[in-house]
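Each chain carries a letter (A, B, C and D) given by its place in the written order, and its residues are counted from 1.
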Amino acid sequence: MDIYTRYKSLRQRTEDICRPLAIEDYVVQPIVDVSPPKWHLGHTTWFFETFILTPHVQGYQPFNPDYNYVFNSYYETIGNRVIRTDRGNLSRPTVDDIYRYRQHVDEAMLKILSAPLEPEVSDLIVLGIHHEEQHQELLYTDIKYILGHNPLFPAYDVTYQPPTLKSTSTNDFIRIKEGLYEIGFKGDGFCFDNELGRHKVYLNEFEISNRLVSNAEYLEFINDDGYSDFRHWHAEGWDWVRNEKITAPLYWHFIDNSWYHYTFRGLEPIDLEASVRHVSYFEAYAYAAWKGLRLPTEFEWEVAAPNFTWGENWEWTESAYLPYPGFKKAPGAIGEYNGKFMVNQKVLRGASAITSPGHSRLTYRNFFQTNLRWQFTGIRLAK
Amino acid sequence: MDIYTRYKSLRQRTEDICRPLAIEDYVVQPIVDVSPPKWHLGHTTWFFETFILTPHVQGYQPFNPDYNYVFNSYYETIGNRVIRTDRGNLSRPTVDDIYRYRQHVDEAMLKILSAPLEPEVSDLIVLGIHHEEQHQELLYTDIKYILGHNPLFPAYDVTYQPPTLKSTSTNDFIRIKEGLYEIGFKGDGFCFDNELGRHKVYLNEFEISNRLVSNAEYLEFINDDGYSDFRHWHAEGWDWVRNEKITAPLYWHFIDNSWYHYTFRGLEPIDLEASVRHVSYFEAYAYAAWKGLRLPTEFEWEVAAPNFTWGENWEWTESAYLPYPGFKKAPGAIGEYNGKFMVNQKVLRGASAITSPGHSRLTYRNFFQTNLRWQFTGIRLAK
Amino acid sequence: MDIYTRYKSLRQRTEDICRPLAIEDYVVQPIVDVSPPKWHLGHTTWFFETFILTPHVQGYQPFNPDYNYVFNSYYETIGNRVIRTDRGNLSRPTVDDIYRYRQHVDEAMLKILSAPLEPEVSDLIVLGIHHEEQHQELLYTDIKYILGHNPLFPAYDVTYQPPTLKSTSTNDFIRIKEGLYEIGFKGDGFCFDNELGRHKVYLNEFEISNRLVSNAEYLEFINDDGYSDFRHWHAEGWDWVRNEKITAPLYWHFIDNSWYHYTFRGLEPIDLEASVRHVSYFEAYAYAAWKGLRLPTEFEWEVAAPNFTWGENWEWTESAYLPYPGFKKAPGAIGEYNGKFMVNQKVLRGASAITSPGHSRLTYRNFFQTNLRWQFTGIRLAK
Amino acid sequence: MDIYTRYKSLRQRTEDICRPLAIEDYVVQPIVDVSPPKWHLGHTTWFFETFILTPHVQGYQPFNPDYNYVFNSYYETIGNRVIRTDRGNLSRPTVDDIYRYRQHVDEAMLKILSAPLEPEVSDLIVLGIHHEEQHQELLYTDIKYILGHNPLFPAYDVTYQPPTLKSTSTNDFIRIKEGLYEIGFKGDGFCFDNELGRHKVYLNEFEISNRLVSNAEYLEFINDDGYSDFRHWHAEGWDWVRNEKITAPLYWHFIDNSWYHYTFRGLEPIDLEASVRHVSYFEAYAYAAWKGLRLPTEFEWEVAAPNFTWGENWEWTESAYLPYPGFKKAPGAIGEYNGKFMVNQKVLRGASAITSPGHSRLTYRNFFQTNLRWQFTGIRLAK
């Protein structure tokens, strides 16, 4: 697909994701990790305006100079920013303002996309496309949190059907031989800077499951009082469980003696055969410890993944999010994209049912803090 | 005005106050003291449904039984409630849902208002009207906070003109003789339970200003480093000033060497002759201490008020909010209205420019915590 | 008693209170309201050094200039101070250092007390004596907290016997006639500035109990689920009960189906006939509300007190701590003594079993925040 | 040295470290990471009583059964524990009680150490010795914090001279060839479980400095506004710098235009040639980023360390603290020693000037959270 068409369909898809929302749903921020949908709509647009249009298109008029302040994210280089906890307090700009902002920027973008581009500009646009794809996934997870924490449990879309992956019926462990493996991105396509620096890693022989842990299996952990036995948990995980009174994955509710969970279609009984999701790293680790097994490292995962199906849930690994050998931040604001988060987070590998089509790949490295659960996160075991 | 007409015009006025808002403005809650406008619209409606329609109208069908959970306020007697800090996290019910809720309740209410009423029901409806008038004032102050804390400083209504009160040009002190005075509500009209228990209070001779402290006068306090000198402040007030880094009244901004403040029309230069408003009790006390004067007690205020103009800002008094002799809470949920707040708050007397017409009276007792500033609060001095 | 003897016996009594302590007990600060005993020993000494010796004795050499920083309390006028929460983090000066500091100051003080004094100096010394008497009571309550919150429940003194007050066996209500009464200190002796400004108060007829609420009576409230029924509580008190998980007075422990409480002699079964103590204002109010009665105002208390026995527990009143008419702060640091606390606190009247002999009087006004319980606080009912 | 002699000299050394302290210094806990010295004295003793004497010596009488509650640390298996933040609130047991506790346990220990031991018991005693050596280092760092944060800046010992390491005058980088290296403990001696699982790691060619970063070099970073430029910092590190207002290493004070730091001898001018210490991982990372270099991984460090001098400061590495391949927790309480901390911490390698003699080794893995600074932590650069 050419870049003009890609840009256009990307931007359309973002708005399609928001189509089922009421205006009010665009505005709220129930927890700091969630951003209001209207902020995602504005922020992804601000990215193209700030990094493409303003520096590279002569005579471009920003839609509204104050928007830099409002939609700037973690990019400290680019002026002040609304602090993250404030995003849900801002009723203005309105949703309508932001759709007009998108239109203003899209018109300017499509104009320059109609002509040949400097490679430097083209690369930045491709980065902007991948950036917006990441926010498409966040839109889904943030919308789920906003509606799923409303006491009325409104559906996002009663007909919603996620792309499904049939799990194999048997839980087989795939054995991978000891040896020296190459890790990291190779090839001509796009990848993020944190995947670069392809390098050799020596792995001991290991085994890894051919499928994700299911809700039925996870229920055994719950029913065996897994949440009440400190021996399965990291010290920090155990503090989290007790302070937050965690007793089940996010969105699970125990009603009239049965487990339900909130989905995009509303409150539904747990599907026992489906993969468990919305668990934190702490829970993934505790579950594995309870089983007498462990989580794979991100290197084991990358080596073994061609042998199993993935893409249903982001999969927690045991690996801390660290730079690959030779990692260098890009100069300027773009360089803040990845490197500054490389401390106290865990790597997730794979992709999830709501990841934008074509967005992930074998070497893709996602990362989150160890207590977070609002992403579609799951568990794959290793030994 | 008959009660049918009063009810109808009351309900209309509430919606008129919201007319200039965008949908998004109805949703947010930037601080815990502020409620989203849509919550006020729903809560005042819930009051009539819960206390009038459900118990007194046979066959009445609640619009949505879950709304009791969502719009219940401090009434612990009536089931669980959404905790106050969560109000701004709820995108549903939507604004449109709530307007339909209002219509549903209004139809049922107007039907019973068309026929003769039991005095007990009639009294409750009058209470509900005064309750909604209180929320009309809160709607104004909460809308001001929501828009006034948005970095874009949007106007509520560029043509807004508050009912103005011409201050007398001279600041004269009115002398009131020592003696025994009667305090509290007398007569046949409506009053809140906290005004009842008319009783004698002995006052020493005192003097009270015939007008409120102006912005010009308050600026002298600022310019004399009043916010940096602990001697003017209560110990608790001084902690508040330092922890919150308070240097001026709420909504004041020092821009390019001049003071501006946010009004319903947007950001405007301070009007030096207008009365200072949006100050906390701590600030009112400190200002008075700096002047070598003091605030009046609520009893002094009630005795002296016939001699001066009031109604521009709620006026902080030195009196703690306490029950009058013989105060009794009404039985049931209605009894939670006033008595449970009678600790660690200060009485305000008078009314403000945005108080609903006819809502206040000489014996009216408003009350807030000593650090709050988002109401239209001002200062009158005594000695 | 002449002032020389009074000073000497005062200073001796302070050290006698500390005699049963281990060095370690002088050091710790388990909650912010409690100060380490060694801090009390130093602070009361610092008062005499700072306000008497340094300004009024030529050539006086401060024991250690850094002590001003360490032992300064709330007196903002006098340089920086160790913030309250830090007091328990300071291992130096040692207890021994502080006893030598006391000796150094006492020698200088006794020298000037042997000669005639300017009335201004004499008045300040008397203030210092009353100030140290207040800290003697705090020493008792802080020591009780320090030992009573140790998991080993060490006794302060196994032979400790408080001065006891025999309660009358019957709970009779004393009726006081409606009328105009004079309130506030009168006479030549010492009083604090907050008792001055004798003024007339008009009281309705009221009745007040001739004795304090007993443990047996308070247990009925507990057993009637008084701590679980919001209707008895102020909104703020109810939040306090739930957030702090309060279910009984401070120092009460439910062990093997019986109630025990920590006393200066260690853990002991509750004495049902004794007066309940270590309750907050919130609890005192809730107990009274549950009984269908109320707490007296401080004015009612002062008028009625000649008719009953008092002095076993400080008694919570319904009155907010406010200035009497004409109250003026003294100039300088001494002026910070009382006035700056006159907001969001309640007045207690009477005295307690551990109040220094001769320290209290009918017009004495003690005051604390509404949630505090580590003082010997009790309940007297009115109606 | 035989185990009897080792035990005896170990126990003596712990008490020698505390010899310069006043009783009061044993008691306080200024921050949660610091434990009161008396707690260390008790906890190390409790370890021998709980894991050796009680299970393995018939008829052993615990000194005081309540001490299990007081001196239990992170071992959740062994009953309740005093929560960490409470340690500094406990005046009892007294220091004298604890020395008698040590004597009681030592007598029983020396008795069993005089006879042949089961290897299982012997191994546990060796673990207990290494455990107490770790607490010896913590005693030094906690004492330094306690005295160094006292406003009087008392010396621990004015004659204190740390074992010094002469840094080479030139800062040379040692080049290590790309290749497969073995990592982890090998041999017969003692090591902790986190060093086991010797395994192959493939390293790219790298260079590592032959010495630690000096105070002079670190001052250049300070003077170049390194603490004010977000580009050098992780996002989480930058939040830490701003929230905690960090502007220099711990114990540094800028007085009269010069830098001083607190040492065991009191406040002294910075020694420019000495190695910088008391920096957090965040600072170590930011310094390296500012230099255009990086921190070594723990694997690079272990491979390169035979080529340089180490042991002056614990050295931050870029490696997250994670289990080695095949890591298994020991069963029971002993198994809580290391594994439960393997999340969100960084590995430090080497040893420090105050590490107990013979305690460290090339494969030793220390670990702390990324914001902690009260250990003797330094910086070695790599590229």
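Following the convention adopted for this analysis, a residue touches a chain if its C-beta (ideal position, glycine included) is under 8 Å from a C-beta of that chain, and two chains touch if they have at least 3 such contacts.
Please read all numbers here as calculations on a predicted model, not as lab measurements.
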{"item": "Shortest contact path, chain B to chain D, counted in steps", "value": "2"}
{"item": "Chain whose mean Cα position lies farthest from chain C", "value": "A"}
{"item": "Chain A-chain D separation of Cα centroids, rounded to whole Å", "value": "37"}
{"item": "For chain C paired with chain D, centre-to-centre distance based on mean C-alpha positions, whole Å", "value": "45"}
{"item": "Length of the line joining the C-alpha centres of chain A and chain C, rounded to whole Å", "value": "57"}
{"item": "Residues of chain A touching at least two other chains", "value": "none"}
{"item": "Contact pairs between chains, per stated definition", "value": "A-B, A-D, B-C, C-D"}
{"item": "In the complex, chain A residues that touch chain D", "value": "74, 76-77, 180, 199-202, 204, 230-231, 233-238, 281-282, 285, 318-320, 322-323, 325-326, 340-344, 370"}
{"item": "Chain A partner contacts - residues on chain B that touch it in the complex", "value": "22-30, 38, 66, 69-70, 82, 86, 88-95, 146-147, 149-152, 154"}
